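Chains here go by letter, A, B and C, matching the order in which they are written, and residues are numbered from 1 within each.
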Amino acid sequence: MTSKMKNVLLAATVVAAPFMMATSAAAEGETYILVSHAPDSDSWWNTIKNGIALAGEQVGANVEYRNPPTGDIADMARIIEQAAASNPDGIITTLADFDVLKGPITAAVDQGIDVIIMNTGTPEQAREVGALMYVGQPEYDAGYAAGLRAKGEGVTNFLCVNHAIQQPTVGERCRGYADGLGVELGNSMMDSGTDPAEIKNKVLAYLSANPDVDGILTLGPVSADPTIAALEENGMAGDIHFGTFDLGEEIVRGIKDDIINWGIDQQPFLQAYMPVVILANWDRYGVLPGNNINSGPGFVTKDGLAKVEEFAGEYR
Amino acid sequence: MAEPIIRMKNIEKHFGSVIALAGVSVDVHAGECHCLLGDNGAGKSTFIKTMSGVHKPTKGEIIFEGKPLDFADPRDAIAAGIATVHQHLAMIPLMSVSRNFFMGNEPIKKRFGMSFFDHEYANDVTMREMKQMGINLRGPDQAVGTLSGGERQTVAIARAVHFGAKVLILDEPTSALGVRQTANVLATVDKVRKQGIAVVFITHNVRHAMAVGDRFTVLNRGKTFGTASKGEITPEELQDMMAGGQELAVLEGSLGGTV
Amino acid sequence: MADTSQVDERIKDISPLRRALIRPELGGIVGTVAVFTLFLLFAFDSGMFNSQGVMNWSTVSAQFMIIAVGACLLMIAGEFDLSVGSMIGFAGMMIAVFGVVLAWPMWMAIIITFVICVALGALNGWIVVRTGLPSFIVTLAFLFILRGFTIYIPQTIENKTIIGGIRDAAEGDWLAWLFGGKIGQPLFQWLGEAGVIAVFERGSRAGEPVVDGIPMLIVWAIALVIFGHILLTRTRFGNWVFAAGGDADAARNSGVPVSRVKILMFMFTAFCATVLAVCQVMEFGSAGADRGLLKEFEAIIAVVIGGALLTGGYGSVIGAALGALIFGVVQQGLFFAGVESSLFRVFLGVILLFAVILNTYIRRIITGER
């Protein structure tokens, strides 16, 4: 019997330990909760966790990161409801599925909790659920900014390699790019598919058929990596203007080797850091930026690579 | 003597080229305990499976209550009143005695037009039947797992009797039991026989057979050496017949007559 | 042979404590008390016990309960179903395809979905019974098959993996209300006006209570628990369920239709998964290809915490419901208590291990093994 008692005590200690930690860790200050839609396995969001932690530390607020362990959006809705029930000062969340999340987010807003939408979603949707603002990279705007920059760098005729034609939002990047250049999109957007060999051959074929193309835009590592290979094969690497969305190992190498002029980073760090700072200032001094914040496009060129490599996975 | 309740005439059973039973005749009367003796592989199991409807005989006839029988499967045999208590019992250790007792024959009561398990009735009957068999349960919800092997046999026998068995086939009920538990099971067999039920008691232990048997049939290599009544035969003779005669005489010499 | 010889003097009178120990619900009851005590101590002011907080963990627990009832009965009948999570995703997607893409009336979409999913449950059971393969491996196959279809079908017809618009399509549908509706609104309205529960401060719903009714999800959970409990303990069929899981051969020898019992339990498990799926899509308005991931394990964990044996033949629906409650309260409560959410898994593992060890110990007491 005594050994059984011991077991019970041991069990109680094990079970109670996290609570002790939790209560001792709680400090004074506002509480902000960031609810993401990403499963535990998605390491991209680690930057977000670090971003809110740093902001919380700097402004002296309690920040918490919550996510559905399996990425189930229905579970995410419950987490938002739960976050609202604990009555925090603010909730920062994504609009991964507008249908599912509209209800819980609107309810939180109506309850008097400030909400900022980050990462996924659009400024329009953020307004509809009653959020204070949207922090992220609107696809069209990012494309437009990229187009303006490319125009300054001498691009007149371009190819947009789209590996995700079924996602209309991704295509917005190409449309914005064309508008930034001030040319018609026309048939400059290519449905490349996702197979690397296929993408490479399509790019090669397009470039030989359209010799006047002097700029390429790829929409992520899936289309950028085979495009690098294509340019290396036909000898246009370093010669033709090449911009891409997102960063990746091959893209970083491409930037280093002068094949890629710049990569567009949506800067997740800002998507986490800014909302915390904004909410804290709103709660304390009643000041709020007058517009949504575009966390991207952040252009990563050869000069900025050192920091990217240094903080990869942490803040970049 | 009255007509036997079940009569097996010249039963033969072949499995492919193997002849398991080569013309066995046995009859059993109500209220008697008929012991079926035989060494391992003598054909006892095949014989009782034929009797309980698991196997169809290749040749021969079964007459039950004066009519020839043709069982399609064991459920027919059970419905007709031929119940078998297997060596490995049809008892589930995790379930209570009363749930086990009524497994497959659950009593039903109607409430609001729906059928419910009548626990009250089941518990009452179980306690009563167990008491009759001399087992004092702590309660009807006691799990079968807590009963001894002998008690489990007794529960299984009581269950068969309660659900109207006229012929009760006991397959080696004492083979895995200690002395005292064996005595309890044999006492149960005696009680059942006195209720007018025909008991077929399969064993290879001559002393257990002599303790309760009214008549004895020995099987050896798929054949019967005939049937003897109590008092007509000595344990030694039975033992000899089971082992097939001559070999045992040699063995017995070396073991000093202790087998 | 007198009766006295049957009273074995070595069987001691069983103590009330030991007697209570062999009830399958015990672990669940103790766990529930412990969990609530802990959270009342450490998270009382956190909002966990205000109306919204209570509704939150009740809803999450109810979700677990619905699938745990099915998993519990199936486990007692001696089988597992690992395809529960995929079935939830699949059923939700079927509703979306029928109700939104094909624009059938919602009640028809719901009924057809139930028919398809319960039939798939029957197929699961039929394969297990027919081949004699472990249900673990058969339902693992269905875990992948169903998940695959759940991704493939919407991608093929709609070019996306989330189909929305279900709420609009279900507007005013009587059967849809049975899954996505709420009851008791007047009561909550009154509670809100009386100041017992908080009300919205702003927006279009200003003045309305933050909790405006009990979702049908919770009603379903309670109804299924009561149904499962009565079925298991008070009917002939319940006895067969125990028998089929305790020892299938012994049960067959006693005339229990073991195969039928098992197939019916697979169908019931699929039914429970579909109930959860329909409640979910009606509440949230969209079906996603990733809905229900890993829910099969959550169901099994709740059942095991609730005292059922993994080997079958023993367990209780009430226990499983308490297991689901513990699961839900701990999952949501850790957050209220401010514990890092990744520690939830550690917690879960510890609880699971304790539950399994306790169950094994209980089994030994029941069967008298040493």
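Everything that follows uses one rule, which is that a residue touches a chain if its C-beta (ideal position, glycine included) is under 8 Å from a C-beta of that chain, and two chains touch if they have at least 3 such contacts.
None of these values were measured; they are calculated from a predicted model.
Peer 1: So, comparing C-alpha centroids, which chain is the farthest one from chain B?
Peer 2: Using the mean of the C-alpha atoms as each chain's centre, the farthest one from chain B is A.
Peer 1: Quick one: name the chains whose C-beta contact count is the highest of any pair.
Peer 2: A-C
Peer 1: Go ahead and note the Å separation of the Cα centroids belonging to chain B and chain C.
Peer 2: Here chain B and chain C have centroids separated by 45 Å.
Peer 1: Starting from the mean Cα coordinates of chain A and chain B, work out the distance between those two points in Å.
Peer 2: The computed centroid separation for chain A versus chain B comes out at 76 Å.
Peer 1: How many angstrom between the C-alpha centroids of chain C and chain A?
Peer 2: A distance of 35 Å separates the two centres.
Peer 1: Contact residues on chain A for chain C in the complex?
Peer 2: 11-12, 14-16, 18-19, 21-23, 25-26, 40, 64-67, 69-74, 77-79, 81-87, 97-100, 103, 106-107, 109-112, 130, 166-167
Peer 1: State the interface residues of chain B toward chain C in the complex, per the touch definition above.
Peer 2: Interface residues on chain B, with respect to chain C: 74-75, 78, 86, 89-95, 99, 102-106, 108, 115-117, 119, 134-136, 138, 143, 145-146, 148, 180, 183-184, 187, 190.
Peer 1: Can you name the residues of chain C that touch chain B in the complex?
Peer 2: Contacts found on chain C: 1, 3, 5-8, 11, 13-14, 22, 230, 233-236, 238-240, 242-243, 246-247, 250-251, 253-256, 309, 313-314, 363, 366-369.
Peer 1: Which of the residues in chain C come into contact with chain A in the complex?
Peer 2: So the residues of chain C touching chain A come out as 34, 38, 41-43, 46-48, 50, 52-53, 55-57, 59-60, 159-160, 162, 164-167, 198, 200-206, 210, 280, 283-286, 288, 290-294, 332, 334-347, 350-351, 354.
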